[in-house]
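Below: one structure, written as structure tokens.
Letters A, B, C, D, E and F name the chains as they come in the text, with residue numbers starting at 1 for each one.
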Amino acid sequence: MDVLQKLYEMTAFGSLIENPGSLLMLAIGAILLYLGIRKQYEPLLLVPIAFGVILANLPGGGMGVVPGEFIQLEGLKQAASPDMNLMELEMEHRYMNLFEIAHEYGIMNFLYYMLIKTGLLPPIIFMGVGALTDFGPMLRNLRLSFFGAAAQLGIFTVLLIAILVGFTPKEAASLAIIGGADGPTAIYTTIKLAPHLLGPIAIAAYSYMALVPVIIPLVVKLTCSPKELKINMKQMDKLYPPKHQIKNLRAVKIAFPIVLGIVISFFVPSAVPLLGMLLFGNLIKEIGANTLRLSEAASGPIMNTATIFLGLTVGATMTSDVFLDPKTIGIIVGGFFAFAISVFGGIAAVKVFNLFTKKKINPLIGATGLSAVPMASRVANEIALKYDSNNHVLQYCMSSNISGVIGSAVAAGVLISFLS
Amino acid sequence: MDVLQKLYEMTAFGSLIENPGSLLMLAIGAILLYLGIRKQYEPLLLVPIAFGVILANLPGGGMGVVPGEFIQLEGLKQAASPDMNLMELEMEHRYMNLFEIAHEYGIMNFLYYMLIKTGLLPPIIFMGVGALTDFGPMLRNLRLSFFGAAAQLGIFTVLLIAILVGFTPKEAASLAIIGGADGPTAIYTTIKLAPHLLGPIAIAAYSYMALVPVIIPLVVKLTCSPKELKINMKQMDKLYPPKHQIKNLRAVKIAFPIVLGIVISFFVPSAVPLLGMLLFGNLIKEIGANTLRLSEAASGPIMNTATIFLGLTVGATMTSDVFLDPKTIGIIVGGFFAFAISVFGGIAAVKVFNLFTKKKINPLIGATGLSAVPMASRVANEIALKYDSNNHVLQYCMSSNISGVIGSAVAAGVLISFLS
Amino acid sequence: MDVLQKLYEMTAFGSLIENPGSLLMLAIGAILLYLGIRKQYEPLLLVPIAFGVILANLPGGGMGVVPGEFIQLEGLKQAASPDMNLMELEMEHRYMNLFEIAHEYGIMNFLYYMLIKTGLLPPIIFMGVGALTDFGPMLRNLRLSFFGAAAQLGIFTVLLIAILVGFTPKEAASLAIIGGADGPTAIYTTIKLAPHLLGPIAIAAYSYMALVPVIIPLVVKLTCSPKELKINMKQMDKLYPPKHQIKNLRAVKIAFPIVLGIVISFFVPSAVPLLGMLLFGNLIKEIGANTLRLSEAASGPIMNTATIFLGLTVGATMTSDVFLDPKTIGIIVGGFFAFAISVFGGIAAVKVFNLFTKKKINPLIGATGLSAVPMASRVANEIALKYDSNNHVLQYCMSSNISGVIGSAVAAGVLISFLS
Amino acid sequence: MSENFEIALQLLGVGMVTVFAILFLVVFIGDAIVLFVNRFIGEEKKEMPIVLEENSVIDPKKSAAIESAIQIVTQGKGKVVKIEKC
Amino acid sequence: MSENFEIALQLLGVGMVTVFAILFLVVFIGDAIVLFVNRFIGEEKKEMPIVLEENSVIDPKKSAAIESAIQIVTQGKGKVVKIEKC
Amino acid sequence: MSENFEIALQLLGVGMVTVFAILFLVVFIGDAIVLFVNRFIGEEKKEMPIVLEENSVIDPKKSAAIESAIQIVTQGKGKVVKIEKC
């Protein structure tokens, strides 16, 4: 009898009965796996996230991430008040150390509090993204990169709406940054402002990034005329050629990340961890052979390892009590609008611009002002080709596409700076 | 005179005289290096472990791992009792943080307490093992995988004997898990139950795994008749063909780790950190090109880095006062019996099975129910070929061989769940 | 108005006005980048260091490393004195944990205090250096390795001078170790003795290593006659052939790091973290195919990742208040003399040796007793060829060159042992 | 000691039963998945379409050409893991 | 709530202005760098000399030979990332 | 200051003596190992047998064929680090 009791205690059925929501979470994990594997929605991140969701919700497995309050040592502070005022002055909050976190809550929390809650992995991944990014297409059509700004409209619009609907400003900002269409930026912002929403926001961000081939055509169809979509950028370039040619692309590509990083950071210093690492990664790539070991490490083992652990731990924040919350619905709906409005913002900016100039711009170049590089550009190119099979806009789209990464990192910096 | 005194203090001869046991430990390290390099006993792990033993026992080098009590902050708790009861309620024990550990005890302890004592590296290595494992042979002969259960007999038998001999239950379980023939599982279990025995148990586990080509033939010779060893599995398959064919191996291989992970964890949730990571690694491998970056990272740089630091730090736990203990003898002897009895268990299960069925099974398939993949299967195959040069049993052995990995992880889960 | 105020607070111009020194530091960062990229001064380290300087000095970016006192919990100790004496006995200082450091001071401090201040990365890089080092040339001309000792003269001479000039002994030792011409050794020593000087010392060390093609010819020109530089080592070998041949180079190369590590550590145990890891890296390389996974990891992803983070964090220690200090000038000047005197020491030792033997040695072999492998040897070879186009001394120089790595690690051990 | 012995006996029973039960489940789940896949998913298609990695700088056509060249050299058994533009 | 709404309005203004300002700066800086480089640095030279990695054990001449062999096989698009001595 | 100077002088002596002593040991140990190996281990055998990595999925015979093909291409200086099955 006693043995059977112990046997039952060993299994997870007890905690399953106590917390049946975890079954639902397992199903959600399975759906995410289906999207990642079969539908090929950003599998590099969605598969680890989905598996993290499953691991976190295996009852009794101890792999779910616990809320931040669990690792705060409130008692120390309170108890200390009478005779330990010196320490209190020094630091308001104290936290369990990483070893204690592992001891008490297991390896998934250890990884989460070491790699994610500290804000480490998103900048590390940005370093790898930088080492894979080529600013060449952007530099060749520099003026078009301006439209990467307009495509941040969705962020600030949805922020406003989310606050109206009842989200706190920090939560609203984390939700809204989905409209930047940039995974690491969304995760970084959420870590800083509303870590309890990390799971749903990350999943929404990556899912909508995977849905770019659906969302962009939808918005374009609703807002652009065939005539606009047939604007041929190459012919425009011939009619109104650009003023100066780049004589030494390599030197420009090396100087660009350095100068850009310094100047941007004067204006939005809170974007430094993200943009600084992005530009560092890009610099070591552009230097070439002399720092090849570094750029290969940044874009290879470092980024891949960071991706695995980012995915698993972000997924593991999605325990049933966190996810099964009305806010999750808000995030899913709000995220979609943030995306769509961003695309619209880029298109609208082009239309306004075209009112005042003779050298017309194809509105698709505005639509690719989000970050999803290079998928947005490819989608836009396909749309253009559908209207005129000789109208290749890919290289032009890449300009606003890449600058969209900078745009959303800047938007994140503004939000973090004003709200944290 | 003063200078000579200081010079003498700089050298390690003082601490060598105080602790002559470290010379013996250096000799043991050298023997292990000899086994790893010259005898090629699992060199990937035995060489780092052996070098860790040497580093830890270089007198004055400060590279030996200190016992867990050294990093516990008992004083805080005791001193706190009168007026700090709030905190006491929150956490029974507090520990030095990782930075303090590095500061006080050096980098080897930093690595040990960050990577090993937290239980992090064995699951990480299991992720890599998963990314290198092909469940195909097991799925093709699924019923044979049942014998991976019987080959865990050595674990529970030796556990019983070890307790009789005077080991505590936790120590006995850590010793006995050597019979699972799986390095990371043995290390993980020992970390959780009896970390002070980590060094000898890890070494015994990897040494006996290297001795599989000796142990399996020995047990087979003692228990099997030539007639049994000539049973030809392929002919049996022709006589009694399996019921259904796998039409879509890729889909099965993707679904298998997901479903398996969820179901097993309902029964043995304490095996989740090990099995979950194993199956995650396997999943990203089976998905293929879309997650290639991840599976290559998991089985390449991540696993290799984990192996180096696991080896060095586990070796570094073997300071002379820890190793030169009668229990070490018990571990060496007990580990051998755990191994041998496991092999016997697998063989016995086949014999029992053969009593009741017409489709006979070669007992070698039971013998390979341990985890040592794929060495056990190769050894078994050679034995079979010795008795009948046309009797290739490799593919059949791989089934029970791979399932043995799952079997020993489950056994570890049971032990951890009941004893910790 | 209010918005503009907030907008201004978001930017970094406020803190720029408060701390105009950071502009100067940004300029210094740019100069270092120029040296690393355009002049190709050790780009693998100078580029990350330079970018770290820039990141740390972007006003408001929060990427600068804070001094060690900022993470010390003095308050706890003081407050504790009346009724918490037990704890006080246990540990004199307590520090913020890594999670709190990240929380309070950002990811750069997290990385610095986890990877650098703990002393972790220099030994890790040494492991990679070991896995890339071939002791073959040294073993083939073993006696020449003796001159790797004489080339440490600059270290101890400059130590004496620096103390006379007013540096504290610990600072002087950190400065002087630049004369060992070995980056990781210099960084490791400085971490242990004078972490506040880490930035300038690291930069000086790597810059002068890059200037080896200038410094060695300069010293050689000042001290050696053409006749000496024409000494042909191959002819000397023919005239006075070495006593015994190596019959089994592979076995020797495997045994050498093991025995050497053990014996050296008896004399200078404080060099174990550096030398132990160097020799471990070398061992797994020499074993060959059986540990190929490990040596590739050590010399590939592990070393490259360590290099990136070492560079960035060491650079990030160079905030304006740390760097704009008269001591920095002392380090730049002193570092140069340490280098030059080390080269001179090696040459002088050869000259003394030549007084007493018939088998003359080319003084260039003394000049390469620094560590900068293999650049010093190449430079020396070119000098020799200039005087006699048939006189290839490269292989001979490599012997003292490699032993110079051991020499400076030993010197570091002596300094750390006596001064910390 | 006798209490510990009892624990050990219990564990011997519980442990072996659990291990057998789990591996029985492994067989059962494996069979079930095979049947499910055979019925609902069916024959393996010729490899899922490979999503080209983002930010890839090599023209797919050219990389295919390189790969086929390598395959000739390696008798079809080698695989190009990474191509870098010069 | 109305206070939060005010914050949101502020952020909408400040945020979009900042983003436009920064991307204006990006265009400006980019143009400035191009002009500067065109005037003061000029035409790209044929690739900077590659500093051979320290501790390299392969004779540069031989590795060049290998590389050219590979380049023929790979139609000039492949690159030897690493050569190891046997 | 004068005390520090004394420390520095001491370190100059102790340090150089130690460094010379250790490198003397290096020479001595190296010679000893060479003698020991020459006497007790003798001539190098033709490469130790390579233990094929566990879980390897490539048939050794085939991989040998690939390697020889590569060696022809690379004039015997290249080495196949990793082969993956397609």
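By our rule, contacts are C-beta pairs under 8 Å (C-beta built on N, C-alpha and C of every residue); 3 or more make two chains touch, one makes a residue touch a chain.
Computed from a prediction, not measured in an experiment: that's the story for all the values here.
Peer 1: Determine, using the mean of C-alpha atoms as each chain's centre, which chain is farthest from chain E.
Peer 2: B
Peer 1: Have a look at where chain A meets chain B and say same if over half of the interface residue numbers show up on both copies, different if under half do.
Peer 2: different
Peer 1: Farthest chain from chain A, comparing Cα centres?
Peer 2: Result for the farthest chain: F.
Peer 1: Using the touch rule from the top, work out which pair, B-D or C-E, shares more C-beta pairs.
Peer 2: B-D
Peer 1: Go ahead and note the Å separation of the Cα centroids belonging to chain C and chain F.
Peer 2: 22
Peer 1: Calculate how many whole Å lie between the centre of chain D and the centre of chain F, each centre taken as the average of the chain's C-alpha atoms.
Peer 2: Chain centroid spacing, chain D to chain F, equals 36 Å.
Peer 1: Using Cα averages as centroids, what's the distance between chain B and chain F in whole Å?
Peer 2: One centre to the other, that is 29 Å.
Peer 1: Mind pulling the residue numbers of chain A that touch at least two other chains?
Peer 2: 6, 10, 40, 43, 80, 83, 96-98, 267-268, 290, 293, 296, 300-301, 414, 418
Peer 1: Listing for chain F: what residues touch at least two other chains?
Peer 2: 10, 14, 18, 48, 51, 73, 81
Peer 1: Under the definition above, what is the set of chain A residues touching chain C in their complex?
Peer 2: Per the stated touch rule, the residues are 71, 80, 83-91, 94-98, 101, 113-114, 117-120, 123, 127, 254, 258, 261-262, 265-270, 272-273, 276, 280, 283-284, 287, 290-291, 293-294, 296-298, 300-302, 414, 417-418.
Peer 1: Taking the complex as given, what residues does chain A use to touch chain B?
Peer 2: Interface residues on the chain A side: 6, 10-13, 15-16, 26, 30, 33, 37, 40, 43-44, 47-48, 51, 54-55, 58-63, 73-76, 78-80, 82-83, 96-100, 102-104, 106-107, 110-111, 300-301, 304-305, 307-308, 312.
Peer 1: Note which residues of chain B are touching chain D in the complex, please.
Peer 2: Residue positions touching the partner: 138-139, 142-143, 145-146, 148-150, 152-153, 155-157, 159-160, 163-164, 166, 168-169, 172-173, 244-252, 255-256, 259-260, 263-264, 267-268, 288-290, 293, 403, 406-407, 410-411, 414-415, 418-419.
Peer 1: Over in the complex, which chain A residues touch chain D? Could you list them?
Peer 2: 3, 6-7, 10, 40, 43, 129, 132-134, 373-375
Peer 1: Tell me, which parts of chain E touch chain A in their complex?
Peer 2: Residues 1, 4-5, 7-12, 14-16, 18-27, 29-31, 33-38, 41-44, 48, 50-51, 53, 81 of chain E touch chain A in their complex.
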